[in-house]
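What follows is a pair of complexes built around subunit A, which joins subunit B in one and subunit C in the other.
== the complex of A and B ==
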């Protein structure tokens, strides 16, 4: 048994890879509709936003923290950016995404100030900032949804792009959204930062033990600010991309999404105690969660079960990680 | 006199600060709109609304005493009263006099169902946290999803409307002119205060929160104590659910979602240390009064609920900052 625990400790993504394969095979056997390219492509497309947000949560979790403010940050960045674009009659792609990421970055730095200087538990800090930001957007900026007729056309066009398409058995075309490439690009960037830079090693070190990281010479303050800043920027980026992909900017959107994203990251093998977790594991975790929750319908399961399923996934994944890390805590 | 001052300063600076905060908020609101704020109706309505939130805050504090947190309290509260409501609808009638005039024994059975739900749900959390060593944040996020998910599966979404009249008395009735929920709150809070400060169990909880390892070496049965603390949290949450459904005459899977942040806020503001080891029932009561005065004042001034959320979130961050400064000056 301890051999299995060791293997899981060394390769956290093994567990989630196994779960994903089993889930895909089971769902595909029960309902072959699953294998249609249009279904597979839409699953990949559906994992883009959750996936980018999961990269943000992974960064925070690697350092031993947890973030529940990112859906609010994402919505704030999206809504403010789209509002500004409409007000300034501006249409484009690069600048709006820069603006959304900057808004997210600034909000993330607020989290960092509270976590680093005021030494408060990240969960409670981000609960506070998340609620305050959401309250600000809905109470001060506005509550009305911006629909497709007002959305900046270039932004929509960008998110509609497809880079690959196949003809299905019934003659219809199924295209794979280019946003999958954007997600992959961000994931590779985060992976490279984590694996091949001093900064990335510092993030793991910080999660392993803050005092130890400080003693070996890591600048823990800078690392904390980079983690929360980068997480905020990723959230802001994902927020605007989400708005562009669903053609609406709704300030009430993404409520409760934090649970799905945290579930995906934990499922991907990241430890909430920090220092353990990989980008590839997280991406597999996201894909697994998206495949399972989105397949309930084609499995004939009532969608009211979705929350129970997500909750069960969180519990199962955390129980396994707790068992894996048991030696470490004891 | 000087010894009294010293005692006040030494043992309970936090309580003193809370008293000052409460007086300041009261004076501020009274000065801002004297003719609308200083009316008996305002304070009377607080005595009906505050207790359910106060019980959730006490529940949160109990979980925080051992350095944990319970994010499933809202799910437990809703599941408890939905199960009781469905019981009433099946043994009585979905509506009409048969439901309203349900005899006392059946209503007591319903209360038993609600409390048992809280105890079982709390025991599940306790098992995950104490026995399986799952981090409280993730364990209770997961179980919270499952509890809310079960609510959704049972009801399909819409509220369970209509409770027996006796049940409603717990939320709407009065005892000698005092709001019944307030009486329930005082009794339950007094009981929790007694258990926490006057029994071995309560002292052990605080010790475990202060230093879990030392508690193990001192021979305390930490697993059992932590387990029981989550059972207590669950039971408290179900009482809050009874009050909430009694007051509104309905139970729904997404009632009281904003209570989660407010319960955490009250617990933190009351001087509870989320890292464990510190927290008191009188502190919770004072923080509850302060925040209820604040939110009623804001509602009288016609602040939207979103703005109130913004202020709650800001208040949480402010109280974190103040707590940090206090720690530093020590």
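== the complex of A and C ==
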């Protein structure tokens, strides 16, 4: 029994990999439509935004913090960028993404200031900044939704790109969104940072013990700013990508998304107490969550049950990680 | 003659109005095992911080290799070969042993990228230097305390220190682990590395160190070769008082009816047919190995073992102890072993803690009589000699000994008949320990209180009890008169049970 707990401590992604395999087999057996390339591709596409946001949450959670402000930051970055593009009649891809990421970065650094200098609890800080940013966007920038007729065409075209397609049994074409590659690229980058740089090890060290990290010689202030800054930048990037993928910039979007993302990260084996978690586990967690919630439809379950499933996943995944980490808490 | 490794001359350090160090001079030679002894609050921690460059002294000078060093920073101290192993080890529980060993070396080298091969090499080098095999791939949190300590020592040895400071290294170790640690320490010494062993455990100091310095209230009160010291002298120096240890003699009436009469007390799987009696004013010790049923006996008497069989009488009246409420109502008080988690409300003030069991008594129609409550709390703070200017302070500010007095005092407020103490002085330093013992004897004598004292500390039982019960596997296996029992007898008896 403790052998299992140890295995989970060492390879947090084991549990989620097992859950994913079981879920896929079960769903595919009940309704073989699941195996159609168009369904599989759409599931991968659906995991892009949640996935990038999950990378941001993973960074914060590894350091022992938690972030609930990222949906607000993502929406703020997206809405401000699209508004600016329309106002300046600018169309493009690279610059807008740079702008959205920078907005996210700046907001993330605000979180870091509160967390590091005022020693505030990350949950409270990010609840506050997230709410304030949302309020600011709706109150000052605007409340109206920007639809496809006004969205910058190049941005839309970028998000519609496909890099791979197959002909299905019924003769229709199914394509895989290029955005999956963008997500994979970001995931690899975050993985390399966490696994192969001193900065990344510093994030784990911080989650293991802040005082100990300082005594060993880590610059904990710099690490905290990098974590929250990077998380903000990822959120800003994901926000604009989200708008481009659904062809809409809605300032009231992504409400309640923080729970789905945190659920995915915890499901992926990250510890809410910090110091434990991997990129691969997080990606598997995201995929599992997306597969389960999106497959309710093809299983004939009413979509209102989605929230019940998300809630149940949060509780189940946290229970397993708490059991795994119980020695540490005691 | 070469200069000593490190020399401290007349160091002084104040924090606001508190003089943590008044005048401390200390010399540590190369490859010497030196013991720094002192009670909690004597200035030990501050001295460690000054030697390691964390705090700057206000007065005095630090010489390393005969060279005077001004404004030493932690980095300079490390560069000069001073390494500290803190009581909490400062390790990362979530990382592997190898990474814990390598991180500081990699950081010192200014590395930006991590090469896992190098991490492995550094870790292997570290275990070679330590001379003890470590499982490099294990996560540190899965190691026992002694294992974590070895990792911390190995990490400290990586920077080729010349002085290793170990802060209370034996606190959480078992006897065998302490021996293993001493072997490692002697091995380190044989390589010419000096060790400053900070402790308040007498026996260990006498065993491991060559020289000793005792500090009290920020001043050196004794120092010299360990051969010139024995336990009594160290205790005297640490506490500044002669601690008498004459046994407790019960002078009650032997023909008086028993206060507590336990007949055939049985809790399936935990206690087996326990029968004993306790008269007013008696202090009865309960000894036994871990798992002997000592704590279960206490819990049963405090109403926490619902399904017990047998009879418990208090002042001749048979009781049915089916819950803590019932036990308290009958005048039974219990001070648990782990007072931090079980006995105190850490977030509350001393007053609140003191009054925690008196709310019903001090309430009229469900409303707390605040004036009377404050008066009674103040009285008890005085009676228990708790070192605080007012009861309105957080209880967390108190030292271990004072906190323990709050827990005991709380129960005394309701005039209990039977006081059960589990490990009454665990984690309390020598001076306060004597104070608590004195108080317990006084209470037994003056109030006719019956005391049941459970303890691992054999001298504590022999010195403070008039009778000692020995439990083993849930059975009462011996009942000894303390006067006719020495610590050694008791120790042999317990050893034989293993």
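As a working rule, the second predicted complex is superposed on the first by the 330 of 330 C-alpha atoms of A that agree within 3 Å, B and C clash if a C-alpha of one lies under 4 Å from a C-alpha of the other, contacts with A are read in each partner's own complex, and residues count from 1 in each chain.
We take it that a contact is a pair of C-beta atoms (placed from the backbone, for glycine too) under 8 Å apart; a residue touches a chain by one contact, two chains touch by 3 or more.
This one's a predicted model, so the numbers in the text were calculated from it and none came from an experiment.
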Touched partner set for A:138, first subunit B, second subunit C, both or neither: first
Which superposed partner A:121 touches (first subunit B, second subunit C, both, neither): first
Subunit A residues touched by each partner, larger count belonging to subunit B or subunit C: B
Contacts of A:259 with subunit B and subunit C, given as first, second, both or neither: first
Touching partner for A:29 - first (subunit B), second (subunit C), both, neither: neither
First, second, both or neither for A:89, with subunit B first and subunit C second: neither
First, second, both or neither for A:211, with subunit B first and subunit C second: second
In the complex, subunit B residues that touch subunit A: 69, 128, 132-135, 137-139, 141-150, 152-153, 156-157, 261, 264-265, 268, 274-275, 303-314, 316-317, 320-321, 323-324, 327
Sites on subunit C touched by subunit A in the complex: 86, 88, 90-95, 99, 103-104, 106-108, 111-114, 139, 141-142
Subunit A residues touching subunit C - in the complex, by the definition given at the top: 6, 9-10, 195-201, 204-205, 207-209, 211-213, 215-218, 271, 274-276, 327-328
Touching residues on subunit A, where the partner in the complex is subunit B: 66, 114, 117-121, 123-125, 127-140, 143, 259, 262-263, 266, 272-273, 302, 304-315, 318-319, 322-323, 326, 329
